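Next come two complexes built around chain A: one with chain B, the other with chain C.
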Partner chain A sequence: MPFLKTIQWVVWKDLVCELRSRETISSMLFFALIVILVFSFSFSMDQDAARQLIAGIIWVAFAFTGIIGLGKSFSSELQNDCLEALQVSPIPKGAVYLGKVLANFLFILSVEILLFPLFILFFNLDVVAELGLLLLVFFLATLGLSSVGTLFSALTVQIRAREVMLPVLLLPLAVPVMIAAVEATRGILNGDPYSFYSQWIQLLVVFDIIFTVVSFWLFELILDS
Partner chain B sequence: MNRFIRYIQRYKGWFGGAAAICLLVGLYTGLLVSPPDYYQGEVVRIMYVHVPLAHTSLLAYSILFGGSIWFLWKRDPLVDNMCQAASSITALFTGLALVTGSIWAKPTWNTWWTWDPRLVSFAVLLLILAGYMMLRRLVDDPDKQGIYAAVLAIVGGVDLPIIKFSVEWWRTLHQPMSISTRGISISDDLLLPLTFMSLGCWLLFAYMLMVRTQMLYLIELLQAKKGRLLSQTHFSQSAQ
Partner chain C sequence: MIAIQATNLSKAYGFYRIFEDLSFDILAGECFALFGPNGAGKTTLLRILATLQQPSGGHFSIFGQNGVKEKELVRQSLMVIAHGSHLYEELTGFENLQFALALRGQTIDVKSLKHALDRVGIGAFADLKVRQYSAGMKKRLALAKVVIVKPKLLLLDEPYNALDEAGVTMTNLIIRQTLESEGAVLMTTHDHDKASQVATGGGILQSGKLQLITREQLT
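Let's turn to the complex of A and B:
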């Protein structure tokens, strides 16, 4: 099967599964709502304090919800030995990786877009002027999380204690994404000029490129073993 | 027995001896001969332990990184043993570098911990190594274990410079680093013990790596033999 066609089928399969079961996105949404509530209980904030902290809170919530989605991405393949089917099927394994990255990326990004208005609402923030740039940051950081996360989701699904090991392995490696996403989001929400945070967006682009390539190359070894 | 294991058996003693001599000379010159620092006084002597440990842990991680690539390429089980050995020793050196750095930071920077780029990168390195060692314990299949661990080590190795870089930006954008060691140049009195200690730490790492690689290899050999023996007795029993 040609490369692009395989990617398309993997994404289609994951989307159809999700549309029929609504498992991943609903559990991610509820978890994220609880995280928002816990944060708003933990810090009693006025608007100034909220503006300082909100970028960090947003990305902690997004990273944890993302991990739930990433974990489900491959643990759902364990049913009916679908993982073995992926391993033995005569398709390029890199295409499976890219398809999975794309599906995870779509799930996490849609949850983020659904959640962001709630953050604005709960923390009494002003509506942002630079919405396009904010979306770009969400886009790039989510891609970075999914590119590394999909690799480690495939890795941890085949070992013991996989629910624990995915965040343990993923979060230290995602430190650059988290820092860059938080700093860029903070800059945009504060209304800083673009030059203040442009280097963070560049860092996200570099991270995405490097880790999509590295993970693409390493994924085959994990799925084939 | 494997050719490399025989080399290790023959030469590891030389590395251990050389490490001991270098460390003794380094400690003697560092603690007794070299003068105390003008600003920091006697406290500066922890540098002779801290800086070599930090250098060695980075060198050790590069060896783990290179070994992981080599293993994925050639699939030599001995290289896998070497990587496993390197991971725990790297974690030891990284942990010691963090602890000695913390002890040094208390009198000089008046804090045990600060969000300095190098400190944060070392802490993240320690977390990656902890994840690596946990991962090894959680995979039962030995073939998969080596591959998964190598994948993690490679991703971590690619990530480390980016982590260092991003933390550096993050801190310098917020506030200038309160203390910088860049202004202080190192005189010859300090350089001599530092050289010996660095050399000693590298040799010590090499020695520990050899001993542990050999040990892991022998454990696997023993288990393979035990497995063969057990299946033989099982076979003869079922034949009767």
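Let's turn to the complex of A and C:
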């Protein structure tokens, strides 16, 4: 019970701080908006061409927007040495990790949900029928990115070049998530039968489970070092 | 009962040795004031005892528990008030207190929280974001955590910084109450006069060595 309470408090703290400062969300939205505008003006596409390329464009925007949010997740704890308070607290550190993952997941997913209508608008997509499956892919890929990204955010927070090191370390590991997300999104937008891209959704589920469990166990070691 | 037992504690960053072979005991009911010039390693020693850093050599125990191998148990009995104050700028004073207690897995009683804030003199500012607090108010808010948690070991890094006279009196009162309840306090400070009001002993950390001093030598 205290474990779940701690998760709840960490999520509450991160959400309240972010909703009041709007620092991370606004930079994430601003960056993603620029990506959408640049791509939409770079490619003048009909709907068929859009369906072929849009999956990659969507996940480029989502991945880099997510990295902005993940980077701030632990760097915000440096102010007033709050990271020390997390380190020295006698609670299970896994609860802090899961709280952070959940908060990051909610931030990134909210931004994705806010941005996706802009993709529909700018790239003239017709996605009403596939919206449920698309949201499932967003959900799974964002969870994967958040679980591994939160760990690397904690790992890089104490180093000087953390803004550079986070994407350098995170992106190679997140490649399976990105590939699976792009392939599944493309399959859905193309209107392919579910069996054509179901293996990519399964890969996302497996990645989420493995990386959440491994990161959960590694987190205490990283926070203490 | 021995609150802190340090045996041959050493800390080095690469070839640079901060201190070497520090050995001292602090008993429950004692307040140890640690003096020394800037860069002597006072804060480093405090951070090691707080389990935030590993010693390069030697060992220490907090209330009989190994400070390196039993970190989680040690952390249950100690509380650190350091320069950074461990406060979130976007949360109110009241919310910061709530969160700090949640991080210790403690049940939160709103009345006790308000009482603690009143005790440290910032009850009227409980609903103000910490971003709007002065340095002294932040220090008081950090002390409110001590009022509620009542830790067995209190580690204070420069506790009198940024505090007015009333704040200093209140800090010393909280230290005395910790000692009365069989707790122990270790503080780093440059202020002999203020520390001597509560300290039962102390030491001067200089050139990597600790010279213990008696209560009489504090002033």
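To be clear about the criterion, the second predicted complex is superposed on the first by the 222 of 225 C-alpha atoms of A that agree within 3 Å, B and C clash if a C-alpha of one lies under 4 Å from a C-alpha of the other, contacts with A are read in each partner's own complex, and residues count from 1 in each chain.
Convention: a contact is a pair of C-beta atoms (placed from the backbone, for glycine too) under 8 Å apart; a residue touches a chain by one contact, two chains touch by 3 or more.
Owing to the predicted nature of the structure, the values given are computational and were not obtained by experimental measurement.
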Inset, instruction - Could you tell me if A:Ala184 is touching chain B, chain C, both of them or neither one (first, second, both, neither)? - result: neither
Inset, instruction - Using the superposition on chain A described above, determine whether A:Asp81 touches chain B (first), chain C (second), both, or neither. - result: second
Inset, instruction - Have a look at where A:Lys5 lands relative to chain B and chain C in the superposition and call it first, second, both or neither. - result: second
Inset, instruction - Could you say whether A:Val137 touches chain B, chain C, both of them, or neither, answering first, second, both or neither? - result: neither
Inset, instruction - Could you let me know whether more residues of chain A are touched by chain B or by chain C? - result: B
Inset, instruction - Would you check which partner chain A:Ile68 touches, where first means chain B only, second means chain C only, and both and neither mean what they say? - result: neither
Inset, instruction - Kindly classify A:Met28 by the partners it touches after superposition: chain B alone (first), chain C alone (second), both, or neither? - result: neither
Inset, instruction - Enumerate the residues of chain A that count as touching chain B in its complex and touching chain C in the other. - result: none
Legend entry - chain C-touching residues of chain A, taken from the complex the two chains share: 2, 5-6, 9, 12-13, 16-17, 20-21, 79-82, 84-91, 224
Legend entry - Residues of chain C touching chain A in the complex: 50-52, 71-72, 75-76, 78, 80, 82-91, 95, 99-100, 102-105, 129, 138
Inset, instruction - Can you check the complex and tell me which residues of chain A touch chain B? - result: 148, 151, 155, 158-161, 165, 168-169, 172-173, 175-176, 179-180, 183, 199-200, 203, 206-207, 210-211, 214-215, 218, 221-222, 225
Legend entry - Residue numbers on chain B that touch chain A, as the complex places them: 72, 124, 127-128, 130-131, 134-135, 138-140, 143-144, 147-148, 151-152, 154-156, 158-159, 162-163, 165-167, 169-170, 173
